[in-house]
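Read from first to last, the chains carry the letters A, B, C and D; within each, the first residue is number 1.
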Amino acid sequence: MTDTATLDRPAPLGRRIRRFMSDQPLVPLIVLLVILVGVLEFLRPGIVNERWIANTVKFAIPLAMLAACQTMTMLTGGIDLSVSTVATMAAFFMAAQSVALDPVSAGAIALLPALLIGIANGIGVGVFRVHPLIMTLGTSLVGIGCLQVYQRTVIASGARVPDGLTWLGTGLTGGVPNALLLFIPVAAFVILMLRFTGFGRLLYAVGDNERAARLSGVQYWRVILALYVLSALIAGITGLLYLGLIRTPSLSLADPLMLPSVAAAVIGGTSIFGGRGGYAGTIVGALILTVLTTLLRLLQLPEGARLILFGAIVLLVTAAYLRLVDDR
Amino acid sequence: KDSYTIGVSNTVQGNGWREEMVCAMKAEALASGKVSKLNIAHRNTDAAGQLEDIRNLISAGVDAIVVNPADPSGVNAALAEAAKAGIVVVAVDQGVTEPSAYVISNNQEEYAYLGAKWLFETIGGKGEVVYMRGAAGASADSDRDKGFKRALAEFPDVKVAHEVFTGWQQDQGKQQILDFIATGIPFDGIWTSGIDNVIVDALVESQATLVPVVGADNAGFVGQLNKVEGLKGAAVTNPGSIGGAGVALALQILEGQKPASQTVLVDPELWENVTPEGKAKLAAAADPSLSAEWPVSISIPNWTHYTKEQIVACKGPGE
Amino acid sequence: MTTQPLLDASGVAKNYGAVAALRDASLRVRPGEVHALMGANGAGKSTLVKILTGAIRPSAGRILIRGEARPLGSPAAARRAGLVPVYQEPSLIPDLDIADNLRLTGTPVAPFRDWVRALGVPDLDLRDLARDLPLAVLRVLDLARALSLEPDVMLLDEMTAALPANLAERVIEVVRGEVKTGRSVIFISHRFVEIAALCDRATVLRDGETVGVVDIVPGIEERIVEMMLGARVEKTRVAAAARDAQASSGPPRLSVRGLAAGSKLEDVSFELANGEVAGVVALEGQGQDELFAALAGSIRPSRGTIAVDGEPVVFGHPADAIAQGIAYVPGDRTEALLMQRSVRENIALPFSARLRSWGPLAVGRERGLVSAAIERLQIDTRAQREVQRLSGGNQQKVTIARWIAADARTILCFDPTRGIDVRTKREIYRLLRELAAQGKSVLYYTSELEEVQRVCDRAIVVFGGRVVDVLPVEIADEAALTRAAYGLPREAASLPASPSGATP
Amino acid sequence: MSRFLRRQGWVAGLFVLFLALLVVTRLIQPGYGAADFGSLARAVLPYAFAVAAQTVVVLAGGIDLSVAAMMALTSVTAAALMAGASEEFALAVVPFVLALGFALGAMNGALIVVSRVPDIVVTLATLFMLQGAALLVLDAPGGGAAEWLKALIVGTVPIPGLPGAVTDWIPKALVVLVICLAVVWIPLRRSRLGLSLYAIGSSDLAAFRSGVPVARTKILAYALGGLFAAMGGLTLTMSTGIGAPIPGPYLLASVAAVVLGGVALGGGRGGLLGPIIAVFVLRLVRTDLTLLAVDPNVTTIIEGVIMVVVVMLGALVAMRGRTP
């Protein structure tokens, strides 16, 4: 049974397109991505080659992974502003611990702060009902502070990026970025989790109507705790990958990805108020932002004009997309 | 008196260079034996925030304030108030226009000029270069821009193929250069404002031609100049240890030894890996034990008195 | 008719995406009449009200006021044209106090106060925040606000649905007085008693079209139902099988002793047997909300005990009650539904709630259970991708279907037929009886007293936070229930043998 | 009384906390006096205006991620216009910059209304745009400020009839702050427009049905936010004597102070006083940490913990209040 069954006469073409878009929200996003790539190729013929695609994908992956955290938390009406700090912490701890430890132990230690911040966020938001914006901002400040204290120990011991991470972050195999080896499973996990697991359902449910979820027996704090822990762990893993890509454990490593990660999720069609959206759109959103960044850089505009265009385009795309998809 | 308290104000946090600067201040304070307490305000903020920090330090009753100014004139008001309260004020790394303040600074304009000139000469006085600046709007960046432009004016056949702001962020810089490489537009050299090792990484990873690269004396980049096969390049010194020199100067003034001039400029040096002398300097300077973002010049002769252990330990008096 | 209609709407249509909420609605209202707007769930009544009051714009149609086309682009414009609504949902600003709410809408305070008093709320403090007031009071305030604006046409969309009997009566009285002054009222209700008592004529909508206009005369009820549904419907009398609750063996399904919760529920004891539908009857605010909330695990009782199948239980969260097979269907469906999610996800929600079902979904099983529940409740799934696109009645069905699918053993229904059309109501009655026949038990609060005899086995009457009487279904007619609900003793004549499960 | 405590309890509590912190400050640094309080007031200025901007918008149910960028743009505009200009010229610059802020804020609001994109996303986009515009105005810190403007926030106000010991504790910066906020806020709060603002924040559907012009009110809320941000930008120029195109740390600080100040993120509940007191508390905490010479890195941790703990406490109090 579909909506169409109730129609007396065929709807006008415009409405049919809209309905199609509304059922297939990925299509307009992909179209937009293709258009952007087209513009790029038009401006600089030859730029769109294998190397460029690999490069774009390499940089879109960490962004898409942090945007996964935003997607999941936004579905519950939240947001996770601690992801960039968590990623940076994981990267920094990894580099510092790798001097003395094997990569696996170092990685485990590196993900520990992620776990702790995730738990703190989950308890604050889920149990104490602190607004996610404030809670994650607060833990992020605490995290940065701890990192700065920790950073001193590194000055003495030095830092090292494990070769495995470098291979994963920067390497290509047959022209294909090795980072996909990490990203594809993560993306598949997030997409399948959201669509086909009980936990995924609950994320949408608490985001749509927390009271209703409660009356159906859903224990909010458990869902939220699990969510923010998961978000922090994904952010932590992103940090490790990003370390392999940039290969310098700076204290502000992942900061520039923070706001774009929110933008990618929004452009990808996830509602910041909860209950609506998905990860496939976010991935395309991350690609769109990455290509857009390249495009603006190639235009050789003054920095100020570049920022203005960037903001304007993000806004325009989001607005157009909402119009297109919102079948009401 | 041998138990001074010294206040410190810095407005960029989480940048290796600035961290080294703070550690140098602590180490110098400890090594001098004359400082009982360092009172450090160290956070990411703007000139207005720095005004607040300096005023808090005045409230705390410190004997001297060493400041890395967010702006040459933006914090003058608080610096003047400090001077009025009898507090010795020393600005490090960048100058201030407040006349009562002492300045001990790296010469930022010269820093850029030296590196750019070497680069333009190395590429044979003509060609296209990529100009990778710092943070748009930061004063160190605009000073360096003056130096770069001065060198550019001396080489009419050198063109800027691409000018970008890295924001002094490693990842930004790396993505920017990878993007540019991917366009296939030829270029003959790269000048960076200290975001250097990731640029070399990018060239190597993307198997692009290794063009000459100019950067700062950061440990990571110096290591690359020594080791990376086929890489021509130069590191221009920009010691973060200037912070230690600032503390030393403040102590001298407190002890009654005023310097001849209000402003002391530490001139940068250039270490390239083309000539044997340059290579020797680079080899001597290399320090793989340091974090890649830390400048290798961890001390300034005649100014700082601490040991490497002390600066690396990063502990001040009483810690 | 020679008198010019006060309001004349014709050919009104409204499309929501693919679904036409209204196709061709017309409505003519004369000065000084109470005009009923009737129709089954999803017929488009609310949509028409919103169009007439500028809350939404029609896709097509012509609307004349006193023969003139007036702009109805916004609620403010509609108000200037003399049309003032009371919507189904409270329209006061939750975070403003009443005085500020009045100031915001330019409502004169003195008449407002008078109306509030006339409507049966004597002690209103204008400095109270709207969010702190109970739903019924908010409804009354909305009406009083509309009245004090002295509109030409007042549109009351299921105004009485959430009101207890005493307040509903007051509303009817006030509205009747109002039309004497020459104003008109458009009145939407699914309660025929009210329609008969109040209205002069009725316009009947079916599937977004006006299918007839009738005068309200005795006996018209059957005819209206026929028009609304497009077919004759048998009128069922007492559905409850006369059966003995004691007969079922074993401990009672639910037994409540000395329960107190919140500020209103003082001391309630009763038992609910397996296979029983027990009615709960109370005036507004007698503690019934707290009673249901406590049984559902939503709030913690301050005193008293609850036992399930003879075992004492303590509920800290609705999940605990659900684990015991006790499900709660709130009266306000926006409390129970995920409005942006599909019918299927809404119905399947309880399946995923427990920690051990957080993993992969059993898609096949879920689909089976969900479609069985949809089938059983005959939910109109035309707009199933988002529950918010369903009509009110269908939304209500979804809230019940969820627990049919989850196979709950006990359902706590809080006024589940509020604002629902006759056919749907009957479907729900039938369903609840079927459940009882299968040995399940239902606790059924209703604000419509006549429902007790249609669906319940007995009526537990709560007054002042205590059980004041338990009436067997045979004598639980509206008169008897009303007396009891006001805390009056039974009339001597009708006193039968003590009913089973009465308060000790 | 209980009504007052329920509605204003949080603000009263914050104020007590502020007084307690002042006492603590005196204990740490017995010499802490009027001049130091003046420094505090000046430090508070840009934050206070940022938080005022955020508060109006949040009350109306929105959020403005562009406040800091807006402050940067208005600050550089003022500084660029005043550089080398006469003292009198600044008389025209001030209203111009305020009008600019108002207009840019209105642009934020209009974009939200027209595009139907959520506030947080629109202002995220305008954050980039305003920052870009600031860089076009001045690509490096610079410009100037009229002397009279700078002097406006230095020193104290002699109030005839009051002893110096009292007026010493009334720094000009505080007077400027109070006047600027009061001139906008008090008439607003009393007007129907102010009610509309709370109404759309509390429930835009109910507001719409009550006849409130929702779109217009929303645009106005953002415009007022822009006006306050412009005041904040001006105070930046007044205190530093220059304009800096890179936004300062005012965005996150403004959101934090709004919440600490008892304004519900989501709209409709709270006032301006709470967030302003919260700013004073947060600034004084920093002063105390500096006076104590706490390790600067630990300072960040402490500020984060304070934010989280205070908000958690507030949440706890609110939960207690809900279940009687």
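Basically, contacts are C-beta pairs under 8 Å (C-beta built on N, C-alpha and C of every residue); 3 or more make two chains touch, one makes a residue touch a chain.
Chains and their UniProt names: A = Ribose transport system permease protein; C = Ribose transport system ATP-binding protein; D = Autoinducer 2 import system permease protein LsrD.
Remember, it's a predicted structure, so these values are computed and weren't measured experimentally.
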Key: Third chains touching both chain D and chain A   = B, C
Note = Whole-Å distance, C-alpha centre of chain C to that of chain D, is 46
Ask   = Whole-Å distance, chain A centre to chain B centre, using C-alpha means?
value = 34
Inquiry  = Averaging over Cα atoms per chain, report the distance between chain B and chain D in Å.
reply    = 34
Note = Multi-chain contacts in chain A, i.e. residues touching at least two other chains, fall at 144, 148, 151, 303-304
Key: Where chain D touches two or more other chains at once, by residue number   = 135, 139, 295, 297, 299-300
Inquiry  = Per the touch rule above, enumerate the chain pairs that touch, sorted by label.
reply    = A-B, A-C, A-D, B-D, C-D
Ask   = For chain D, which residues are in contact with chain B within the complex?
value = 29, 31-32, 36, 39, 42-43, 46, 135, 138-141, 150, 154, 235-236, 239-242, 244-249, 283, 286-287, 290-291, 293, 295-297, 299-300
Query = chain A touches which residues of chain D in the complex?
reply = 111, 115-118, 120-122, 124-129, 131-136, 139, 252, 255-256, 259, 265, 295, 297-305, 307-308, 311-312, 315-316, 318-319
Request  = Would you mind writing out the residues of chain A in touch with chain D in their complex?
outcome  = 120, 124, 128-131, 133-135, 137-146, 148-149, 151, 259, 262-263, 266, 271-273, 302-312, 314-315, 318-319, 322-323
Request  = Could you please specify the touching residues of chain A with respect to chain B in the complex?
outcome  = 44, 46-47, 49, 51-52, 55, 59, 144, 147-148, 151-152, 154-156, 158-159, 170, 242, 245-257, 293-294, 297-298, 300, 303-304
Note = Contacts from chain C onto chain A in the complex sit at residues 16-20, 296, 298, 317-319, 322-323, 328, 330, 334-341, 345, 348-355, 357-361, 363, 381-385, 402
